[in-house]
Amino acid sequence: MTDTRLRNSVMLAVAVILAAIYLFPLYWMYVTSLKTNSSIFAVPPEFLPGAPQWETYSLIWGESNIVRYLANSLFIAFGVTLVTAVVGSGAAYVLARYRNIWIDVALFMVLMLQVLPPSLMVTPIFVAFTSLGILDYPRIGTILAISAKTMPFFIILCRAAFMTIPRELEEAALVDGNSRIGAFMMVVLPLARNGILVAALLIFMQGFGEYVYSASLIADNRLQPASIGMTNYLQPNVVTWNAIMAFAATYVTPILAAFVILQRNIVSGLTSGALK
Amino acid sequence: MQRIAHTIRDGVGFDVLLIAFALFYLFAFAGLPILYNVILSFQQVDMFSLGSLFHEITGWENYVAVFNDPLASRVFWNTIVFTAASVFFQFSIGFALALYFNQRFPGASWIRGLFLAGWVMPGLVVGVLWNWLLSGDFGVINWVLMSMGFIDEPIFWRSDTDYSLIAVILANVWYGVPFNMILLAVGLAAIPDDLYEAASLDGATTWQKFWTITLPMMRSTIGAVIALGIIFTLQQFDLFAAVTSGGPAGSSMVAQYWSWELSFRQFDFGRGAVIAVMMIVVVLGVAAIYVRSTRQETRL
Amino acid sequence: MKRLTLTTLASVLLCSTAFADDITLTMWTESSNAPESVFAQEFSDMDNGITIDVREVRFDDLVAETLRAFATGTNPDIIAIDNPDHAAFASRGAFLDLTPMIEMSDQIDIENYFDGPRSSLTWDDGVYGIPRASNTIALYYNKDMFRAAGLDPDSPPATWAEFYDAAKALTDPDNDVYGVAFSAKASEEGTFQFLPWAQMGGGSFDNINTDGAAEALDLWKRLFDEGLTSPDTLTRGQWDSTGTFNGGNAAMAISGPWELKRMAEDADFDWGVTLLPVREEGGPRASALGDFNLAVFANSENPEAAFQFLEYYDSQAERIWPEFTRMPSKIGVELAPTGDEKIDAAAPVFVEQLQYARNRGPHPEWPRISKAIQDGFQSALTGQAESKEALDQAAGAIERILN
């Protein structure tokens, strides 16, 4: 038994070291947020801030409407997750259910439409949304545009989840007299729940940090998300990096904490649950 | 009418409806903008007439101009190197981590969760952080390498034309590892334990089990991860903007950044669109390979 | 009346029928802390029936956002725009020609502005805005390091040769100190920093390949080759480069007055500012002219109200320096003491340097011209071409753009 304990401690130690290396940039964000604007550029680098500038945090909390920005980020992230999941789940299910040339074509289209970076797509979207009046509701417009970007990713992920569901379960439900939609909602979706949740969470975080569409489509400061609020510290000649890092830390930390906790349940749910 | 209602309720119509809805959505919000880029690439676009679809048609003029640009061949190779190296390292590191954390030991799933930090961070912040970490004078990476004795002189990752592309690749690998790791972890979790147990009874080594069970069972996941990885890498933009801006002297310029620079720095929208069209051609290939790879999928 | 002249007040009263309904104007700018944003808030708080909604747009995105908005008619009424970008909009009729309104105005007189800012917003005899402020670059130097290296802190380098010698003497690799920090980045910042050197060498944007300009580029190249400046100067902007000066890792820095506030707070050494060194004693001086202009869009529904705000802005010129450490573009506005000794000592240097500041352009194709200049100095600095050869290529590219 001591062998197992030794093995466990070694594995844990290696894991901690790997994580520490990986998380260093994150640590650097926190440290930088506490430095002065010039000590960021000090040689050799300061691993601990000599005189932590906590007032940077009170500054950004005081002047930058960070709560409003975060609320908008949450709104957009929820919207994107909802639209993507509703539109994407059905498609993923169909793409997993069949195996023929039309499915190949559809899968191909889904990937293809992901090709261009948002910065190259935003101009036509802006023009179209303006003339269609969608930009009267800028956050909704932004959600629609971002969802088109996150959808292919969601579909590919969920398709893998649907693939693992035994076809017989659905067929049994159909034989029992369920309609297709009934079988889909009552049998297939619950079985694919974990996969969909993982994908939805990943999409949520993408929506939470999105910049390009939000910056162009939302003209009103009051409706802009935190990713835009942060860039207000980037001015042509004056860039208050410590404030940007403090802003980023404030907005990344809660979401990261929530995710670390949630992913544990979800991925361990995957290991033990419905997928086997 | 009744037949349609019937097929939607009980037949294939239901499937057609679901997929058509998603495809229609994607076509409207992603397909049309792509088409717009294709059209722009054949036009002489003035910066003040972006709103209209109709400009002076120039035929292949923009294409000729892009291909004759002295930067073109370098951008071509840089894009290939950037994509191949990023995807290769993201995938290998992601897979190694997924396998490692798939072992059962206390804290495994907690620590795995921490690796998702990269996914949560906004691109701009990641770019700025790596800009500092890779800085020649005050950068932490040089400091560590020098104090451990690997190098004597600082490497100017961002400003040395031999290293600038590597600098962005480093940052991008860091950024992409969590995405690869979590997807591969989910795939690994789906492999039934009894397969491994049976193989163990037959006396298979860990290595043999990896080749005969893990890899074949992961084929569809791997295909999806690599295809998505290539497409995400081709969209990587923030890191270029923050770490090197494609420089110095174009040494780290890649297609997506060049296209943006032509369009929104030099306001040459026609040429910017040409590069976008080239990228569409590349992704066509990637998508085709992915779709072929799904042929071998097995359904439980 | 500090805030509003009597005449503008009178014009408000006279036009009161036109302003029967409350007017809301929109203004886009790069920062909510910039003077136009602060003044817009004050202007909105006045009892004049006009409210200005300010939208902050990240500087890097400002032109692209504005183009998109202009294409769909959703552009703002007023915009604060970087001066080299001004001509593109003015030449295409996107901005309103303010000449008739300025003729009627008792507040704004275009002759009251310095030549540089004035030419940046003039196109074909039309006046398409007013300057927000002006800035330029000069040479900051660490007096303590000068003393330590045996140089006289009271006679900083005045010529290129002296500048090079000083950089050489001040460089101290053992203590991680470079001679000079500046920016040769492939962006507008790089053009902003290089162009004055080319101009001191007898060049200009439409004649970039003079021998003097090539000599300037050779000097830059030597700074790189001999390790007198950080190789990261190639990819670092002015703000980050000057950060290394503030941290004591560079003995001199080339940058503008926007640095003063941070330097006064962060730099724990004695520093001063001097004019950019010239090619040889008595040679022509030059510097870059920076900062933004305020313009009104031609399709604004309330151009009079927008102009009224510009008048208010112009009337507050004496606040630009003490409150925002920006330099007023208006002739004869004294820079009031800020209370910080070093900043106040630097002020007259920048005022003098501003007299030599030259405009970038004006030309509607400025971004492409600027790109050609960036390609020129970057290819020389990375060793892909000789200085003269690189500038010849740039000149060729600019020639094609101009014709």
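Each chain carries a letter (A, B and C) given by its place in the written order, and its residues are counted from 1.
Keep in mind that, in the parts below, contacts are C-beta pairs under 8 Å (C-beta built on N, C-alpha and C of every residue); 3 or more make two chains touch, one makes a residue touch a chain.
Since the structure is predicted, the reported quantities are computational estimates derived from the model, not experimental observations.
Looking at A-B and B-C, the interface holding more C-beta pairs in contact is that of A-B. Set against the C-alpha centre of subunit A, every other chain centre is closer than that of C. In this assembly, the C-alpha centroid of subunit A lies 39 Å from the C-alpha centroid of subunit C.
Here the CA centre of subunit A is 15 Å from the CA centre of subunit B.
Distance between subunit B and subunit C, defined via averaged C-alpha coordinates, is recorded as 38 Å. Counting partner chains per residue, subunit A has residues 40-44, 123, 127, 231 touching two or more of them. In subunit B, the residues that touch at least two other chains are 50-51, 137-138, 264.
Shown for subunit C are the residues that touch two or more other chains, namely 68, 71-72, 176, 244, 247, 249. Residues 8-11, 14-15, 18-19, 21-23, 25-34, 36-37, 50-51, 97, 100-101, 103, 105-126, 128-130, 132-133, 137-140, 143, 174, 177, 179, 182-183, 185-187, 189-190, 192, 220-221, 224, 227-228, 231, 234-238, 256, 259-260, 263-264, 272, 276, 279-280, 283-284, 286-288, 290-291, 294, 297, 299-300 of subunit B are the ones touching subunit A in the complex. Across the interface of their complex, subunit C is touched by residues 36-44, 122-123, 126-127, 130-131, 135, 215-216, 219-221, 228, 231-232, 234-239 of subunit A. Those residues of subunit B lying in contact with subunit C across their complex are 47-52, 135-138, 156, 158-161, 164, 243-251, 264-268. Touching subunit B in their complex are the following residues of subunit A: 7-8, 11-12, 14-16, 18-19, 22-26, 28-29, 32, 40-45, 47, 87-88, 90-91, 93-98, 104, 106-121, 123-125, 127-128, 144-145, 147-149, 151-153, 155-157, 159-160, 163-167, 174, 179-181, 184, 195, 198, 202, 205, 208-209, 211, 227, 230-231, 241, 244-245, 248, 252, 255-256, 259-261, 263-264, 267-268, 270-271, 275-276.
Against subunit A, the residues of subunit C that register as touching in their complex are 30-32, 34, 54-61, 65, 68-69, 71-72, 74, 82, 135, 176, 237-240, 243-244, 246-247, 249, 256, 258-259, 262, 265-267, 290.
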